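Below is the structure I would like to discuss, written out as structure tokens.
All chains are identified by letter, namely A, B, C and D, in their written order; residue positions are counted from 1 within each chain.
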Amino acid sequence: MNIELVLFGAFALLTLLSAGTVIFARSPINSAMALVSTFFFLAGIYVLLWAHTIAVMQVLVYAGAIMVLFLFVIMLLNLGESPTRGKPTLARVAGGAATVGLFAVLAIILLKLPAEPATLSLDAQASFGTIATMGEVIFTRWLLPFEAVSLLLLVAMVGAVVVAKSRI
Amino acid sequence: MTLVEFFRAAPVAPDILAPSLWLIIALPLLGAFICGVFGKMMGRANVQLVACAAVAGSFVLSVLAFWATSHQNPETGRLAALFPNPFGIERDFVRYALAYDYGTWFSVGDFRVNFGLMVDHLSGILLLIITGVGFLIHLYSTSYMEHDAAYWRFFAYLNLFVAAMLTLVLADNLILLFVGWEGVGMASYLLIGFWYDDPAKAWAGRKAFVTNRIGDFAFLIATFLLVLLVSAFTQQANASDYSTAGTTAQHYKAALAQKGPVTFKGLEKMAEGLVDTNVDQVDLSTPIKAGPLEGYTFGGVMTAAMLLFLLGAAGKSAQLPLYVWLPDAMAGPTPVSALIHAATMVTAGVYLFSRMSALLVLSPTAMATIAIIGALTSLLAALIAFAQDDIKKVLAYSTVSQLGIMFMGVGMGIFWAAVFHLMTHAFFKACLFLGAGSVMHGNGDETDIKKLGGLRKEMPWTWATFLIATLAITGIVPLSGFFSKDAILHGAHLNKLGGLEWVGGVVYYLGLLIAASTAFYMTRAYLLTFEGPRSKEAKVAHAHESAWQMTLPLVVLAVLSVLAARYAFGINFFDMTAQPVLENFLSPVFSASKRIAEASTLVQLDSSRPQVFPDYLKAWAVALAGGGLAVYLYRVFFPARVGQPVPAYARAVRRAAQNKFYVDELYELILIRPVKFMSFLLFRVVDALVIDTVAVRGTAWVTARVGSALRYVQSGDAQAYAAVMAIALLGGVVYALIQVMQ
Amino acid sequence: MAAQAAAREAPNRPMVPITYYLLLAAALFCMGMFGVLVRRNALVIFMCVELMLNAANLTFVAFARMRGDDLGHVSAFFVIAVAAAEAAIGLAIVIAVFRSRGSVLVEDIRTMKH
Amino acid sequence: MSFFDTHLLNLVVFLPLVFAALVAMLPASENGQIRTVTLIAMVVDLVFGVWAYMAYVPGGPEFQLEYRARWFDLFGTSYHVGVDGLAVSLLLLTVFLGPLVVLASTTYIKFRIKEFHLALLVLQTTMLGALVSLDVLLFYIFFEAMLIPMYLLVGVWGAEDRQMAAVKFFLYTLAGSLLMLVAIIAVYFISAPVGARSFDYASIYNGLLSANQQLSACTTEGNCESLTGLAATLHTWGPWLFAAFAIAFAVKVPMWPLHTWLPDAHVQAPVAGSMILAGVTLKMGTFGFWRYAIPFFPVATQQARPFLATLAVIGIVYGALMCLAQRDIKKLIAYSSVSHLGYCMLGILAITAEGATGSAYQMLNHGVSTGALFLLFGFLYERRHSRLMADYGGIAKVMPVFTAAFVIITFSSIAVPGTNGFIGEFLVLLGTFKSDLGEAAGNAHLTAVFGAFATLGVILGAAYMLWMVQKVFFGGLTHRENQHLTDMNLREGLTVLPFIALVLVMGLQPQPFLDRLSPSTDRFLARARVGTPGAALEVDRLRVEVMSLPSPLVAAPSAPVPLAAAPAVPSPRQ
């Protein structure tokens, strides 16, 4: 009974709970809030996986930036609760069923595949997933994709403005 | 210096002349080119000069070549006109001939055709006829076509024809012969349709060409069969076969590789090799081992080939069933009718069979068929000629009939006589046609003999020559026609075709009948045209005699048609047992066929001379009977009954004959219409309906329908699409799972 | 020294098997997908997409841990960046659509038909 | 080893494209300049083409004037060009038609002149490329690219129904060639193990060769169940792959019953389109059979021969009969093409020296004579704007020179001896009679039947062509519009003259042309006979020898270094 397992269980449970809330909440605002919590708990899970940098980014980018965007939009369009639950069309039923089935199958496969975390030497552990190491790789080996992504973000920004603006 | 010595001392030795044989063809060709391309700017006189000069030039060369074929070395006194037969052994010479090979025309695989020319006594005679008569007719045309604006085209075509015809007779292989064969067809197409702005004339030209094409179709297939036959022979023959042919395997094969499989000499050798000498491997009854003809016997294939050649020759020489084009071919200018459709082109079939006599004698069946076809054609044409009122039509049918007689000769294996008749016929029929032309020229292009008459005094030269020619064709002693025809009948009577002896008799008696009817209709035509009073409906009151350019050829031809008779007698005129000059003269050409005929006892060729009694008298009586009947009818009987109603049966018979027994209509009905109908049907049904509409558009239609059907699936609901994706994903994962399971 | 190295080896305390993380990721992914498929509100659908992206990220990171190298992290990093861009554009579109149609419910936005 | 020895073919192929760039730069209003530049391009191309034709040594190796450069190593494809006897002859035909096509269209095309000439030049490049490419993928690319400019020629500058005709043409051909693409990829995969795979003609052929030999051996014995590996694959899939190739090419030829696009395309196309279509494009089909379909799958060919030969014979007779049913002159000529191409196919399928060579020669003939017929009719159409025979008649009166030219070409088209047509047709028929088609069909005697029916075309050909000539040129001048038609002018005369000259030259001196064809014929026969049971194999003729890929060091696409390293002309090997 070790602490790591306990933490994992807790985080995982909370993640799933909030994710469920995201899906089933009547009003978008609730979904958004649930999403925030999901992000936070995931960050925790990342930490358990020694991915500190990613955890931080998760919090910053998702819980910070993206969520704010969502909330703004919700406010902007002041969406109330969706009046009705919408009639369950064939597509929805089938899709839902499919996802459930999908999870089942995935679960079976995953359980069949044994996967153990690598055992790392201490200094490897020390440097694993830190900003330093990641920065090193990103700015050396993955420089081009990195720049590409930055460009992408720029484009996205401009695009967002253009699309969202009522008249230019 | 006797005549014989004179002939044996040619001015130009054969070995010097041979390399320039091509000039004989090239000169008229050049003339044709000049007249055709520059004719318009050169002016009438120059064109006429060029055209006549070209033909005259090749006439001179032909004379030299002809002369050279019997040239003797002045020192040794031995024959100089000979060349080694490439298909024979070293010492095997082709005698009384000169040849030259100008190298490959085209060669593919083991097939090859060379530009090989050869002059022997047969082609020599033909050369003289073509260029000689040709020249006379050119001369005649200079006056006859004097009012025609397109004179240059005319002379270009005429020269072209002469060139093609010369190619035909000079060729030493079948394919080159075929070049001439089709070439003359082309030229005659152009010349028949010379006055193309009259649709009927253009149509006649087309009819001639297409009918000839039917013959050429058979000709080609026959050639292919012979090629196959040669290859089969070389595969199966053994030494003794070759030795029967007087050659050896390596010689023969070397010659094949060098000169190709379709040279006449090579075919001749094969024919000799096919003769059965119990020790040999291959003879007529041997089945072919391999190849497309597997299982058929050599003899069977040979017969098939010969029958196909017969169809080909029937196309060119206007025999049953393909004679129909010749009468319509009279649409062309009269000199053309004289040159092409009487003297030269139409005799190509006879020439072909004489050329291949060696192969022909191997197949009595084919010979019998040829003879019978000839006889029937001849009779039919004669009957039709009874009732024709157009003078040119009469002559046309008489040509068909005379050609039939030649075919009888070829078919019965009396080749020299056929060639003899070819020659005499060339003279008197050309003379007759030119005479008819002169008559038309002098009578405002009137061709209906009912509307002529009484020209005797107005056109004395034309009259005299026409009379002589008529007597010649009717077979009145002592004119050439009599002897040539009689030689054929005599041979037909005595030659025996193995297994088909009855044919000889049938052909002989048919021949007599034909002779009588020939005499009848020719006399009729002559009487109605020249004798009696001038007809009321005559276009011009008084005909005028034609210019010297027209009468001179008439005279020359008339004289020739008298003199040609000499060839029917021995060297010593009064020796009635001696071999006729022409037979003797042509014996080198037909030696092979004679040898084969003797060796393979399929046909017995008799070489006796017809005697004054009974043969000559009989033939003469027949001719006289026919002629006399005509005289009686048209001088006494009909004039006496003018105005009285003609009995119905007579009118019926006459109408039937006038309408050529409705043969054209029959062909139209059973051949042309069905083909046309079928093509329309196929076009409308198969092409337009089945393929285009059903198949092509059908596919398009189905595709369109399916597409529009699928449109309903596309709801536009993004989530529905997503759901589909999800399900697909599920499927994929399940598949993965199954993979993992195993 | 060797002994020291041995001693400096990682302590062998029991660790959570990566499979769990992966299962979590799978669950998260499927829930996201479920949402995408069943919800009608475009915004919520977006959120669900974010969920799915996170599931992917989690998988990346989990594998990184399993293989013990940084590649997974890098990928996750890029995913996050791209997700940000996607969110920006997507929300902009939602706004635009709302402007034009006055609704963010997908069944009101069936423009993909003809 | 000069630049030209290595790059001659590249020059021939891409010169038109270069000039096309030049034309593209000219202002669209400068019609004169555009025409002149295009004409110059074609003439220069002709010069180089003739040079290539001369440079080809009949006795030499199979593929000459080769050039090969790296290109998409990943797919195992390379830029590889080279010509054998047939290809170089067709190449000559193509470049010969080029300038004449331009001359023929100077007054015919009235609008979008720049685009028209661009299309012509591009089309020229694609056709030449398809002829010379020795890489199957490269061939396919050119083969497909050919469609686009041709589609434009028909669809933009055509007659009333051009859209329909163009679409029909496009779909027909595309449907076929997509099948071929599948087959190409299939052979690419089966012909070699992973890593050694290549689209190169030689490697694919040599890869299939041994399997084909095994297959034919076992077919003669009759127990093909024991086959393994590639041979087994070919046993099962060979027929299908062959069918895919065959359909693609049969559409192009076109063989009955896939021919119905041809009349429409021809009728609607402008004179240039018809000339090129008849002259070159159709040959791509027969060429494809000769180069790809039959050598790749000799056994399947052997099985399909009777069927295909029957189709060819049907095509001959049927096409001729169709001609008799036409009222539209262009349609008649188009159907005569169907008939003539039937001869080409029959010759190829006969698999005899005479047949194959004759067929190759017939391809050239048809290009010349039918091209000329379309050209001449184009002149008439320009003057009179009617395609119906009924609207003509008695033209000979007013246009004697034109008539003379037309009649000469007609004689060539109906194979009168002395013209080129005769040689080809005669050889094809002779080859058919000598062939073993009958045995392939089960009864040796059937050969003669095939031959006889094919020979029927000789009669029908004369019938329909002369019928048309008579209707158009002879008889009285019935229509008033025709009374003032002008005869050919100098330009038109000069355009026709080369055709007439070629008709006579090829008719009287065929041997130089045949000499260049015969080596390819022999190799083709050797490769096709792999499929015929019990045929003696000339092993030395079977394998395809080509230059190897230049090493990566010198892979700069235009570096002739590997060639320079090799011995002198013709066509070095490594």
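Just so it is clear, a residue touches a chain if its C-beta (ideal position, glycine included) is under 8 Å from a C-beta of that chain, and two chains touch if they have at least 3 such contacts.
Everything numeric in this text was worked out from a predicted model, so none of it was measured.
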*Chain whose Cα centroid lies nearest the overall Cα centroid*: D
_Rounded Å distance between chain B and chain C, as computed from the means of their C-alpha atoms_ = 95
_For chain A versus chain D, what separation do you get between their C-alpha means, in angstrom?_
63
_Centre-of-Cα separation between chain C and chain A, whole angstrom_ = 4
*Express in whole angstrom the distance between the two chain centres, defined as the mean CA positions of chain B and chain D.*
38
*For chain B, residues contacting two or more additional chains*: 717, 719, 722-723, 726
*Two or more other chains in contact with one residue: find those residues in chain C.*
33, 37-38, 40, 107
*chain D residues counted as touching two or more neighbouring chains*: none
_If I apply the definition of touch given earlier, which pairs of chains qualify?_
A-B, A-C, B-C, B-D
_Quick check on the complex: what are the chain B residues that touch chain C?_
714-719, 721-723, 726
*Residue numbers on chain B that touch chain D, as the complex places them*: 36, 104-111, 175, 178-179, 181-183, 186, 189, 193, 196-199, 202-203, 205-206, 209-210, 213-214, 216-217, 220-221, 224-225, 227-228, 231, 291-295, 675-676, 678-680, 682-684, 686-687, 691-692, 695-696, 700
*Note which residues of chain C are touching chain B in the complex, please.*
33, 36-38, 40, 106-107, 109-114
*Which residues, counting only chain B, touch chain A once they are in their complex?*
717, 719-720, 722-724, 726-727, 729-730, 733-734, 736-737, 740
_Touch list for chain A against partner chain C, complex_ = 2, 4-5, 8, 12, 15-16, 19-20, 22-23, 25, 28, 31-32, 35, 38-39, 42, 45-46, 48-51, 53-54, 57-58, 61-62, 65-66, 69-70, 73-74, 76-77, 79, 82, 86, 88, 91-92, 95-96, 98-100, 102-103, 106-107, 110-111, 113-122, 124-125, 128-129, 133-134, 137-138, 142, 145-146, 149, 152-153, 155-157, 159-164, 166
